[in-house]
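Common to both upcoming complexes is subunit A, partnered first by subunit B, then by subunit C.
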Partner chain A sequence: MVMINNKVKIKTTNLNVYYGDKQALNDVNLEIHSKEVTALIGPSGCGKSTYIRCINRMNDVIDICRVTGSIEIDGNEINKKEIDVVSLREKIGMVFQKPNPFPKSIYDNVSYGPNIHGLAENKVKMDEIVETSLKKAALWNEVKDRLNEPGTSLSGGQQQRLCIARAISVNPEVILMDEPCSALDPIATAKIEELMDELKKSYTIVIVTHSMSQAVRVSQRTGFFHLGKLIEVDTTEKIFKNPNNKMTQDYITGRFG
Partner chain B sequence: MSDEAHIVKSYEEELQNLNDSLIKMGSLTESQLADSMEAIIKVDKESADKIIANDAKINELRAKIDNQIMTVLVKRAPMAIDLRITISTLKISHDLERIGDLAKSVAKKIKPLPHDLPKELIGSLRRLGDLVQKQLRNVLDAYLNKSKESAITIWKNDEQVDDLTNTAMNEVADFLGKSKKNLELATHLLFVTKNIERAGDHITNIAESLYYLIEGEYLEGARPKGKDIEKN
Partner chain C sequence: MNKDQLLKKRYGAEKRFKFYGLVSITLAILFVIFLVNVIFSKGRTAFQRTTIAVEVNFNTEELELSSNASIEEIQDADFYDLSINSLLKLYKTEGAKQEKELLRIFSPDHDIEIKNFLIKNLDNLNKNVIVNLTTSDDIDQLHKGNYPRHLPEERRRISDFQLLIYDQLVKENKVNKVFNTFFFTNGDSRNPEVAGIGGSLFGSFFTIIITLILSFPIAIFASIYLEEFAPKNRITDFIEININNLAAVPSIVFGLLGLGILLGTFDLPRSTPLVAGITLSLMTLPRIIIPCRASLKAVPPSIREGALAVGASKVQSVMHHVVPLSIPGTLSGTIIGLAQALGETAPLILIGMVAFVVDIPATPIDPSASLPVQVYLWSEQAERGFVEKTSATIMVLLSFLIVMNFIAVYLRQKFEKKWS
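Right, the complex of A and B next:
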């Protein structure tokens, strides 16, 4: 039995997103529970990335993008002008499909965020943050003797774990992951999945994935999107054993794509 | 259920092959059960030998289905309805195999029977055998048609199987009470009756698996019981 924690961390209500005239999300009402992994699935172009980019206001950087409706984190509205997006993104980390370490040393990749946000008063404290972040990301043992080498010198799977270390270095509350394993081999994927299991004890995680079995392995709840609409959201067990909606079933069983 | 076909044609074929194997196994089990009922009533020792030999075919099919299912599981990681089809087929094939085993056990009891069955015992035994055969036929049809209603009816009808078992057992006990000479025949017949009832239990299991396949939920409540008769 999975423990289902019912505290809502993120809540979107009537969320609509437009890229110019094109509507990418249509009245999405979704509650994401605290300290759980929520998987978002659905065919390419259905709006999964658009959805998670709303949560840390990453869509702000796209000129033609317009977001309406409500996005609450811990009950506080974040879809309004007055919100300081820099401190919002400190609370909400993001990991992308392609590992994207900065062209800096492994150490600097992890210390970058804490530096900007002034989280370490001295070098000793910063060393500590870097070490714990790398340990939490299950990368420490592999890099502890080469912290000054460039982050880009790592393998793909290691780079992705470095990006996770970077995301958790600022001690966020939410981690958004957009297909974090799509470029990784099964071993690296397994390490990231194992890591998510560990991370969800402290963080709320939202993962976009095209792998149904990954969604089953890592998540407690799953939401299925289609053409910008949230079709069904339920416990992962329910979605993959016996979904309510025929469209969900046809998608996860490979009957349309 | 989904009327749509898989995008991947070979996946569709694999599930179809699985379905075909199960249907084949079902009809083979059906005739083994029918033959064993006929043979016990007629005390047909020749037919008994054939039934015993034929059981291997059912076991082979079960092994084939096991393999087909392992392949589907590793190749496709089936989800939702496909997962339920795969798992239910696995369970149903094992229940069919057990029914086959029970038909074989009945056949094995025919050979040591000392003489023909007394007329007074044939009626109940035949009724029980007919009912269990009908239940098996119905559950296989229900599987073909994916009929939830039939699954429920079959599941409920197990109560009648239990009642008829009870009657048949009582008649054998009365027969035994008449004379000590009847001991050997009565012992064999009690065993046979019990085996037919057990075949009925496996049919009920199949109805349960079928219901789960269709609905994604378990049939509610405890299995129906006939008048207080001891199971297992």
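Right, the complex of A and C next:
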């Protein structure tokens, strides 16, 4: 039996996103619950990635992007000008589709975040943060003897775990994952999924995925997006066994998408 | 057409295409070989200087010096008579005409050469010493085998008597070829045998330093701002187009600008590396901004996103990640821009760097020549000595350009990082 947590961490109300004239998200109302994994599924271009990029305001980077509606984190509105995106992103980490370690040493990759936020007073403290982050990302044993080697020298799966370590190094509350396994082989994917199971004990995780089986394996709650609209959201069990919506049913059974 | 014919046609087209490419490459290589060969065969001899061994008696009485004269006293002394007497001892002459012809075998500044020799070797005072004195340009060329000595006497500048002396001196092993240090240390001169590129080397050096100091920081900040921070709108599009246009503006236009504004309005000193540097920075700026922006653009967006996602501010993500990654491209772009500036002639002519400057500039506000302008100046001279020096200067200039381009390529390949 899956544990369902009822504390809402992130709540979006009437969220609309426009890229220029094109509307990418249409009135999305979604609640993401604390300390569980929420999977977002749907065909390509349906707005899942756009949705999670709203949560840490990564869409700000795109000049033509406009976001309206409300995004609350722990009840605090973050979709407004006065919010400092730097401290917001410190609280909400992100892992991208393609592993993107900095072309620096493994150590520097993990220490970068704590460094710019001043989380460690000295080298000893920093070593500690780097070690715990790498351990939490299940990478420590593989890299502890070569922390000074470039992060880009690792394998794809290791690079992605390094990116996860980098994301958790600043002690976020939420981790957003944008198709984190789409560039990885099944073994590396299995490792990351295993890791997510562990991470959800301390973090709220939102994952965008194209793999239905992955959604089933890792998530407690699943949202189905189609053409910029949130069609249905429920517990993963319910969505995959007995969805309310015909479209959801068709998508998960592979009839379209 | 059936399948077989189509296949044959395709193979034929491929073969022809490869052949055209091969022909183009071969032609290009042949042109380069031809160019290098012409320059090298003409300029090679400029790196040697012909000297004649002359016995000089540094008699303090004749020089009106005390036996322990200081350098300053020697500096002020008149060496002319001593010099003339030493030279005339070289060969028996009859009459003033022959004396004059004997003296003309040597470069006109022989007395200064003797003085400089003594200053360098102070212990030779009151001794009989052999000094190697520079010959005149004609004798220099004769010794290098470039002089048409078979012509009838009235059609050459070297007289039969001078040829006689020369042949005698060669027999006595007194005529030598030495490495031409004058070429690198002397300034320009009316006498090709002692003319050098020392002045233009310094002039070019100061010019390039000023160009670097002015254009590098401006170009870097302009490209970082335009690439990373500026909103993409009509104004930035307009700026972008204009930067590209400026890079294609003929350099002489920048010379006119320098002439009109720097010399005209601001009244800066004419023919100086300062003005040249400012003018060339204007020309170089767009040529550096374009590769700088390209190398910033080449940094994958995922690096920026990665930095932003851990909570780096925009400036931090740019300064900590994007800029360091773009440094190889930025540096090589800058070096290539500077190499172009180093070889630029037209704008310098307009701001008066064609002036005949003998002194080696000590500061960027002294009048000076520059390497490409020196080539231009000497190429107009008729003397064979200047012809070889023109080619030799081109060789020096080309080697600077090759070294700079090599450094640029090296930087790009060595420090270019792979992203993932």
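Convention: the second predicted complex is superposed on the first by the 257 of 257 C-alpha atoms of A that agree within 3 Å, B and C clash if a C-alpha of one lies under 4 Å from a C-alpha of the other, contacts with A are read in each partner's own complex, and residues count from 1 in each chain.
The rule is simple: a contact is a pair of C-beta atoms (placed from the backbone, for glycine too) under 8 Å apart; a residue touches a chain by one contact, two chains touch by 3 or more.
It should be emphasised that the depicted structure is a prediction, and the values quoted were computed from it without experimental measurement.
Touch criterion met: A:96 reaches subunit C, while subunit B stays clear of it. In the superposed pair of complexes, A:163 makes contact with subunit C only, with no contact to subunit B. In the superposed model, A:61 makes contact with subunit C only, not with subunit B.
By the touch criterion defined above, A:212 reaches subunit B but does not reach subunit C.
Shared-chain residue A:87: touches subunit C; no touch with subunit B. When the shared chain is aligned, subunit C comes close enough to touch A:117, but subunit B does not. Looking at the shared chain after the overlay, A:250 reaches subunit B, while subunit C stays out of its contact range.
Ranking subunit B and subunit C by residues of subunit A touched puts C first.
In the superposed model, A:171 lies in contact with neither subunit B nor subunit C. Residues 56, 58, 61, 63, 86-90, 93-94, 96, 98-103, 112-113, 116-117, 152, 159, 163, 166-167, 169-170 of subunit A are the ones that touch subunit C when the two sit in their complex. Residues of subunit C that touch subunit A in their complex: 231-232, 300, 302-313, 316, 320-321, 325, 417-420. By the touch criterion given at the top, residues 2, 4-8, 11, 77-84, 215-217 of subunit B touch subunit A in their complex. Looking at the complex, you find that subunit A touches subunit B at residues 212-213, 239-243, 246, 248-250, 252-257.
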